[in-house]
Every structure is written in C-alpha cells, then in structure tokens.
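Just so it is clear, A, B, C and D label the chains in written order, and each chain counts residues from 1 on its own.
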Amino acid sequence: MNKSLKEKLESTFKDIRTASSEDSRIAVSAESDNVLAILRFLKDAGFDHLALLSAVDWIEDNVFELCFILTSYMQNDDEVTSRQRLHIILKTRIPREKPHFKTVTGIFPNAEPYEREMHELFGIKFEGHPRLTPLLLEREYEIPPFRKDFDTRKYVQEAFEKIPFVDDKDK
Amino acid sequence: MSLEILLIIAFGGAPLTYLFGKTSEKIRDFLAVVISLSLVAFVACLYGKSMEKTFYLGFFGLGLVLRLNVLSWFFAITISVVGTLSIIFSLSYIKGREKTDFYFLMMLLVNAAMLGIVLAGDLVSFYIFWEIMSWSAFLLISYNKGPALAAGMKYIVMSIIGSVCFLVGMLSLYVSFDTLNISQIASVIGSASSGYILFILTAFGIAFGIKNAVLPFHTWLPDAHSEAPAPFSAVLSGTLIKMGTYGFLLLLYVIVGLKLFLGLGRGLLSFHSILCFLGAVTILIPTFIAMLQTDAKRLLAWSTVGQAGYIILGIAFGTNLALAGGIFHFFNHAMFKALLFFAVGAVEFRTQTRDLDSLGGLAKKMPVVFIGTLVGICALIGVPLTSGFVSKWLIYKTLILEGSPFLAFFALAGTWGTILYSYKLIHNVFLGQLPEKYKDIQKSPFTMQLPMIVLSLAILVFGILPGIPLKVINAIGTSFGFESLNITLWGITSETGTLNTINIFSAVLVAAVLSWLLFRLGAKSVSVSQEDSYAAGAYTPTDKYHYTAEFYNPLYRMTKPFLRDVIDGFYYWIASSVRSLAGSVRRIYSGDVGYYVMYIILFLTVLIFVQMRWKIW
Amino acid sequence: MDRNQITKWLKAPAKMANKYSLHAIYFCTGCGIIEVPPVITARWDAERFGVIPVATPRQANLFLITGYVSIKTLRAIIRTYEQMPEPKYTVGFGSCPINGGMYWDSYNTIKHLDKYIPIDGWIAGCMPRPEAIFIAVTHLWTLIDKEMANGYIRYRENYKSYRRNQELALGKLEWPPLYPVSDESRGNKQ
Amino acid sequence: MVVKITQIILSPILALVVGVFFLGLARKIMARIHWRYGPPLIQPVIDMIRLFYQKSVSHGSMFDLGLILSLAGSIVVVLFLPFGGIAPLSGSGGLLVILYIMLLAPLGMALSGGQGANPNISIGISRKLILGLGYEVPLLLVLLAVMTRYKTISIMEVVIAQQSTGWSFISFPLFLSGLSYFLILPAILGLRPFDVSSAPQEISSGPMAEYGGKYLALATIEHAFVLFISIALFVNLFLGGAANPAIFFVKMLVVFVLGLCINAVFPRFRIEQAVKYLWKWPTLLAFLGLIITLAVRS
C-alpha cells in the first residue's frame, strides 16, 4: 500500500524525499512553501487525523524543523491491521530568526492548540491563527523556554532565588 | 352614617381628583390619599351595624337596594385597605409617567366600583357596579401600551362573556320571580325545580368563575397581571378577583342556601364535588407552572391562580371550618399578595427589569423590601407564625376529618409547590450575587415602603393572634346558618384537634433564642464580601458570574413534555376558527349594489314558493 | 494518642478538639494526591484518627500540599489557604514543596513553598507512603500540643512579606489582601 | 405544670443526644461496611467542639438568621413530637402543625445559603427543594392514610389507638404506607442514594459550601435533629410509639440501623432519577395504602 503512495507523492511534488524505515512508517521531508499542498493531498488520500505538530530546534544549522505526524482515524478496510496502520511524518525546515509559518487550522482544525503551544514555547508565529494567546505558561519569557539557548538554571536564579525567605524581622 | 353617602364620596372623589390633577400634582395626590383614607374610616365605623335601604329610581320599577351585613363589611374593609395602600404606593411609582391623572381616576373608580358591588343589595346594582369595575380594570391593565393592550383585550373579552352569563341568569331570575332583591330571591328560590337551580348556578358560576380565575377560565390572569402597573396588579390580584369569591359566597350561601346546594346532583357528579375538584386542580397545576416562570410578576400571577384554588376549595366544601378557612384565606391572600406585588413593583421601579435571571443580591441594597418579601412568602407558604398558616390549617383539618383525603392531598402538595416558586422569587431577586450594574441603586422611597411595612405587621399580628379576624369570620358563618366555632384569641379549640398559635409562637421564640445563644457560643465570625466565596481556588469573576438562571432546570427537563398550554391553545383555536368563519361570510357583502338586489329577488322567490307549496300563513 | 484522657479534654478542649478532628481539604495540588485515597479508604483508614476529607476550605483546618507546585497551582493554593478559617495547619508532601526536589531547575515550578504560604509540617520522600502520612499527622499532634503549629499566626504577622513574595512570583493578584497591608502603596483595606 | 416545664426542657436535649449518637453510629457503621475501623462514636462531638472554637466567615445577617431560624424550626418540631412518655406540646396542633414546622428547616437553610453568594450553594438548594418536592408526594399520601385510618390529626391519639389495636405497621392497609415511608426515609434525611443536594464531590457539599466553624456546627446539630424527627415520626405512626423513652429508643435504633445498612451500598442518584424513583414506587405503595384505608373505612 505504501509503495504506491510513495510513487504518487514523488510524482506530484518536486524536490521531496520520502524514506520508510519500517513498513508502516513513511518520513517525508519537503520545502516549507508546499507543505500545505502536501497536507491537503494526504488528507484527501485518507490521512484525516493530524496526530501531532511539534518542532525541533537545530541550533547549529540555525533552523527550526516542524514535524507533522499524520494517521487515519478509521482506515477500516480489512487488510490494514492495526500493526500495519500507516503513519506519515512530514518534516519541513524554517529559519530560526523571526520564525513564522502559515497556520494549518484551515486543513486540520485540531491543530489550533498545538500551534498556540509552538508559539508560546518556541516563539514560532503562525499567521492566520484565530487566537495566538498563551496556553500553558503563567509568566512571560523573553527567550521562549523550549529553545536550546534558554538557560533554565540562570532563569531560576533570577526569578526564584531573588525572592527572599520570610523571616520575622520585617513584621 | 348611611351607605349612599359612602358611595357618593367614593364615586364623586374620582372625577374630583381628575379635575384637581389638571391644576397641580400635589393637590391631586393629597386628595386621592385623603379620599381613600376617609373610605377606610367610614367602613371601619360601620362595623356591626347591618342595614338595608331601598331607593326607587323608577328603573323599570326595580328598587336599587343598598345593604350592609357582616359578610359585605368584611369584604369592604379589605377592599378599602388594599385600595388605600396601593394608591399610597403609586404616588411615587407613577410620578414620571404620562397620563397620571387618568391613572388616579381609574384607580379610585375601581375601588369605588368594588365597594359598590359589596354593598349592592339587588342584582341590578350588583351588575352595574360589576360592569364599572370590569371596564375600569380593562383601562388600567392596558395603561402602559404595547403587549398590555393584548392582555387587556383578552381580559375584557372573557369578562364580557362572564357579564353576559350574569345577565342571562339575572333575566331568568326576574322572569320567574319578578323581583331582583337578593333577600327576596333567597326566600323564594326553594320552590324552583332543581334543574332550574342548576341552570342558575352554572350561569352565575361561569360569571364568578371567570373573575375568580378558576381553572378553565384562568388564562386571562397571567397576562393581565404581568402587564398591569404594579400597584394596580396588587389591587387586581388582592381584591378584584376576590369579587368572584364574594359572588360565589353570595350565590352558594345567601341565594341558593347550603342545603339546596349540597343536595344538587348525585355522588361525584353533584355541583358541589365538581366545584371542589375544580378548586383542587386549580391549586396544583398553576403552582407547577409558576415554578418555571422567569418573570417575577408572571410568577406571582400564576401563584394567585393557585391560591384562588384554595379559596374556592374552602368555600365549595361546605363545612363551617372550610368556609372559615376559605374566607380567612381570602383575607390573607389579599394582604400577602398585595405585599409581594408591591415588593416586585419597588424592585422594578429601581432596576427597570422584572427578569428573574438577571437580578440578584438586592437584600443589602433594599432591606425593607427584602423583609417585606420575606414575610410575604412566609405567609404565602403558610409558615406557622404567619396568618397564611392558620387559614390553610383550617382548610386541611376539615378536608381530612370530613374524609376526602384526595382533596387534602392536592392542597398539601400545593404547599411544597408554593415553597419552590416563592423561594425562587426571593432567591433570584434578593439573595445571591449583586450584578455589576446594580451596584449603586438607592433604597426605595418611603411612600413605597409604608404599604409594605403596614402589610407585614398585619400579617404577623393576625398570624400570632388569629382570633381577631376569626371572630368576624365566625359571625359570617353564623349569619349563613352554621353553628359557631369556639374561637379563642389564638386559635380554635375543638375536641378533634385544637390550634394554639400562642404555644407555637412561644415555642419558636424560645427555640430561636436558644439557637441564637448557641450561635453566639462560637468564635466571632468575620463578614466578607460576595467575591470572597469558594470557587475551587479560582477567583470569582464579578460581572458574568450569575448562576440564578434556570433555577429549577432538572424539574423543567422532567416536565417539559407535559408543558403545552392546552387551555389557552383551545381558546386561541376558537378565536381563529371564528375569524375564518367571519372571513367566509364577508365574501357575500361584495360591496356593489347589483348583488344586493339579486339577493332580495332570490329571497322573495323562495318565500313565494314556500307559501305556494305549504301555505304556512 | 491521648484521645480518651478526660483530664486533658477538660484542661484544653480547643487543643484536643483540633488534634482529633483534622478535616483535610480534598484539593489535589500535585502528583502526591494519588497517595491520599489509600490513606482514606480501607487499607490505612485515616478516619480512625479523625482525619476526613472535606469539600470546601471553609470546613477544613488541614491543608495537604501533595507533590510539585507549578506557578498556576500556587495561585489556587494561596487562594484556598486564605479561605480556610483561622486555626489552620498545612503539611507539605514530598521533596518538591521543600526545595523544588526533582524539578529544582525547572522554569515553571515553585521551589521553596515556604516563601509563599507558611508550612507546619514536611514529609520527605518522592511521594511518601501512607505510613509516612500518619507519622506526619502524629507529628502535627505533638506540634499542636506544644503550640508550635502556628503557621497561621506567622502568616498573619508577616503577611506583608508573604504578600510581596506572592506578587513577585505571580505578578498581579486579583483578590484583595487578606489582612490590611499597612503601606498604602499596595492593596486597599480588606 | 412543673412536669410540662421539665418535659419541654428535657425533650430537645434528649433529641440532641439521640441525634448526635445516631450521627456517630452512622459513621461507625459506614466505616464497618467499608472494612475500616472508623472513628470513635463520639467523633461528631469532637468535631463540633473543634468547630465551635474555629473562626468562621459570614456573608451578611440573613446568612446567620436563616441558619438560626432553621435550627429553631427543628427544635420546635421536637417539642411537638411525642418521644416515649414525653410529649410536651403535642396537644396544640397535631400532625398538620408538625408537617408545617418541618418546612421551616429547609426554608431557613435555603435562605441562609442563598445569601452566601456561591454557585455551588444555589445548585445545592435548587436540588434540595426539588428533592423535597419529590419525597413530599409519597409522604403526604402516607400521613393522609394514617390520619384517615385513625380519624384524627393528633399524634397522641394515633399512639393511644395503636396501644389497643396493635402496631399499624402490622395492620394490612397501613403496612403499604409504612413500607413507602421507609423507602423515602433516606430522601428525607439526605442519606446515601439521595445526598444529591449536598454531594461533596460534585457541588462541594451544596448548601453547606460556605459554612465555616460555628455555622457547620449548627448545621450538623440541625441535621441531628432532622434525623431524630423523621425516625421518631415513623416509630410514632407505625410502630406504636412506646410508653417509656427506653423502648422508644430501641425501636428508633432498629429502624435507623436497618435503613442505614440498606442505603450505604447505593451510589448517588442524579436529581432526575431520584425524583422519578420517588414518584414511582413509594408513591404507588402510598396511593394503594390510602385507597385501601378509604375502602376499608367506608
């Protein structure tokens, strides 16, 4: 099944590399501007469940790598057993300075909280996102915490150690 | 001090205030209050004197009779007191509105008409005052335009049907007995056949049933009460629908007499048991509907229909305890329902809304109104220290001991329904959280607080010492031919179970002091603002944190399939079918003369043909 | 366990009653709450000692802070602690409330809970077993006996510095200060 | 007269002792059912002493007065209820007065809860009133059956009548009413299957969410009184109400323990399920009881 899918992918999109480590996993890496087209294509091909949207911070090559993991909810044709259920991980790289990307909520509405999390923890701005407000964290951070150049020990030093213990002298 | 002077003052005062209103507001207000107060004083000093005076005004030779006995005195004093308080209340309620002179004219006219009904000795004057009352009530209901006009229309249509039935009954009485004096009819009606008496009972019963909102005829009441201005809806539900009660009393006990009334019909189909059943059903169904209302006045209107069921049940049941309970409940209902309508009016005057879902937390802002509502709902429920309890106790005791437990069940189940909707009223308006927009409303003006204070005191005094009104009611009972109950100052002593409010009052007082001491035993408590309440560690937002919406939602979900308003739908169906019928008739009058000539010729030919064929003449 | 010594009851009823009727507020603050159900139910039955979970802080006088404290939870903990009536005791479960424990360098957890609300008793361990919880309860008894369980008094006396620490950690606090903070720069009178 | 005074003073104290003992017993039995040791029998007393020493929070005057009114209502009902030989005021009003003063307790609690501006309280109160509507229908049918059966509205006469004709729980028509009353007993007391109005987990103990130290103590005392009242009413009307308090207490103990054991094993009803159940089986039994008593009587 995934053999034909790989040919179909490579035929429709140029400069795309697909590799499949095991029989039910396909890794697809593509350019950032035709990611939306690929996502729509995969959705029409039956992969209607965006399982995960996350980012990887390659600080040496100064780039963020967005990973979309797609699978299908109810692929209930009989020959696909659960072991063979197909997972596709779509990777794309975006520059690290002023990282921005187009929102995918148009295709996968359930990506909305993932994108808010990406924005809050990595600082990736998603244009067209309905409400890009903080999701998990309580305080503001100038360097988003999940970035590799965020020094958590230094942050804890400034934020929490400075708060003095309560002792009885200042009643 | 004779009756016609009383009526002249009542009826003369109304136009007088209207004229003075043209010149200055102050004089008109002062005059209205003075007139109604003088009426109260005159009626009060007429206590005990029963008199009858006839005036031959040459009206087809029928005498216009004015008479006063204990029954009409009791109704007259209630009408004048509630009328005066509502006028005092409306002094500041109507100030900003337009057409205030017309409003005062109508209010005084309604009170005067009701006094007239109660003092009328013959059916003609009864009917005249009845019509004056209905029409002035119609004008007052449709006072503030908009939906009030439709409500007024509905009210007046049903009143007219009632008046027509009354007219039919009156004419048939005149034809068969050629006298309309109530006392003469009462003496001579025994000779009539039971079928004829049944006809009289149904005719007058429909007229008084519509006015007293017995179940099938109750649909006009919720609209009329919620659209009328608050002081008038207090009078409307306090005393105006009680004219139906007065009518029933007159009909069942004075004109037809108890023995005849109980003898009519056999077993379950007798007029007596049908009326009791109607009364019982009128208690239960409106109480359930009242629970699900979201408009304060509509809730009180449905509760009025329910409480009127108690009165009808009391009167129709026939024993002297039930009669005493019914009349005493009329007196209590006039007081506490007027109090509750005044309270809702005061809240509406300040917050411009009656919607129970958007109000809340007014207890601290309007303490006097809150205490008044509290006493009002305690009397409505029948909590032991209020007068409501005594009248309900009388009705329940006789229902149980006379062996009709199902009527007692309907009445007792009605009590819990009353608790639910009266708690909803006080909780959604006074308790709970104060919304942001009502943070700075002031207290209600003194002219609004005075009636509430007077009524609350009256309820508590008559609750603790029910002997005072019970003495008068006992006199009414004896005037109807019952043997008198032995009334003590604080209840009734009888071998099958005595009521002793002094015991209850002292027990509750001692228990309250005891628990207050127990309360003081603990450490002092810190008073805290309404934002500081437990919400799972989160901070309670002040603006949109309102939770009194849909207070009895589980109950609503359970009873939703049965909630279609069948009776109102039936009336609207009749109205629409009549309208469509009329539409088809209108096609005949097409408007050009040719058709009319053709109709005449056709008709003549038919006549000639019939004459040729069967020679009728 | 001197519960049935009548002389003690007569001498100091308040202290004895506080000891043998500790109502713990059932508020799950961290990973340690998984230890509380076995403490309450059949296996270890805390009710023998008079410790029962209650639903609202108003009815409670014992606050178990179980497990790590994230910044968001701190806001709820402070609010709940301030809503508990006066003789109230807090017990910190596990090493995370003591000094941050495993999450000592995390940007999102509170390291020393002691800076924000007073704590009367600590139980070490990365989720102490129910027996350790009973040891804490008995420890609390001795503290109450010796009048050393005065967390709420410390909170009342140095409320200004507690409030300042809370605002440093959480930024703006929506609710007014519990006790009147003297200098007028901060909140208004309660 | 002196005997009456001592009885008036004695019966609330006795009722309080019995009620608090039942509360402690309930917690002990509940613990034993869960295979736990459970607290000592006097645990409620310890809790109350602690609560009286604890500071508390008040939301306004109605918040305090409502609770005082509800406790006063419960105390007064105890005065009207014969307890064994002690029946101080049962002559001045009978069963109807008791029925009406029993309304004072939930009304007072609702009014005081309403002032504490908390959504949990409002939801709890609305559930409590709907549940009240639920169990009132069978309760009224049961009381009417008893009153028509003995043709009186005073409890003393019912008790005296039962001395001669034997327990009404045994006599045929009233057996159904007795059974129906026993089925709605947990609803009146707010015990396990019907504690939907003060559910600690869902609405953080409903109307008592804002009750702190002494308020909670007064609420538990009032709950103890309600416990005493509803069981004493059952014993008086159906089990013949004994001559001296000791036998009366034994009868109450049997009824309470039996009721508690049955109800401790039920999960909590939703409010609709509770009312549907209450209007189905207990009402049917009570209705049959009333019909048969009417048929037998006439």
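Convention: a residue touches a chain if its C-beta (ideal position, glycine included) is under 8 Å from a C-beta of that chain, and two chains touch if they have at least 3 such contacts.
Only a predicted model underlies this, so the values are computations on that prediction, with no experimental measurement involved.
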item: B-C against A-C, pair bridged by the larger set of C-beta contacts; value: A-C
item: For chain A paired with chain B, centre-to-centre distance based on mean C-alpha positions, whole Å; value: 71
item: Rounded Å distance between chain B and chain C, as computed from the means of their C-alpha atoms; value: 59
item: Length of the line joining the C-alpha centres of chain A and chain C, rounded to whole Å; value: 40
item: Separation of mean Cα positions, chain D and chain B [Å, integer]; value: 36
item: Contacts with 2+ other chains: residues of chain B; value: 523, 532, 534, 536
item: Per-residue overlap in chain A, given as positions that touch at least 2 other chains; value: none
item: Touching two or more other chains - residues of chain D; value: 53-57, 204, 209-210, 212-213
item: Interchain contacts (touch definition) - all pairs; value: A-C, B-C, B-D, C-D
item: Interface residues, chain D side, partner chain C - complex; value: 27, 31, 34-40, 43, 46-47, 49-50, 53-57, 200-201, 204-205, 208-213, 216
item: Touch list for chain C against partner chain D, complex; value: 3-4, 13-14, 16-18, 20-21, 23, 26, 41-42, 45, 47-48, 50, 52-56, 58-59, 61, 83, 85-87
item: Residues of chain A that touch chain C when the two form their complex; value: 137-139, 141, 145, 150, 152-153, 155-156, 159-168, 170-171
item: Residue ranges of chain C in contact with chain A within the complex; value: 70-72, 75, 104-108, 110-112, 114-115, 118, 154, 157-158, 160-162, 165, 168-171
item: Contact set on chain B toward chain D in their complex; value: 361, 363-364, 370, 374, 381-384, 389, 392-393, 396-397, 400-401, 403, 405-406, 408-409, 412-413, 415-417, 419-420, 423, 426-427, 430-434, 491, 496-500, 503-504, 507-508, 511-512, 514-516, 518-519, 521-528, 530, 532-536, 545, 547-548, 551-555, 557-558
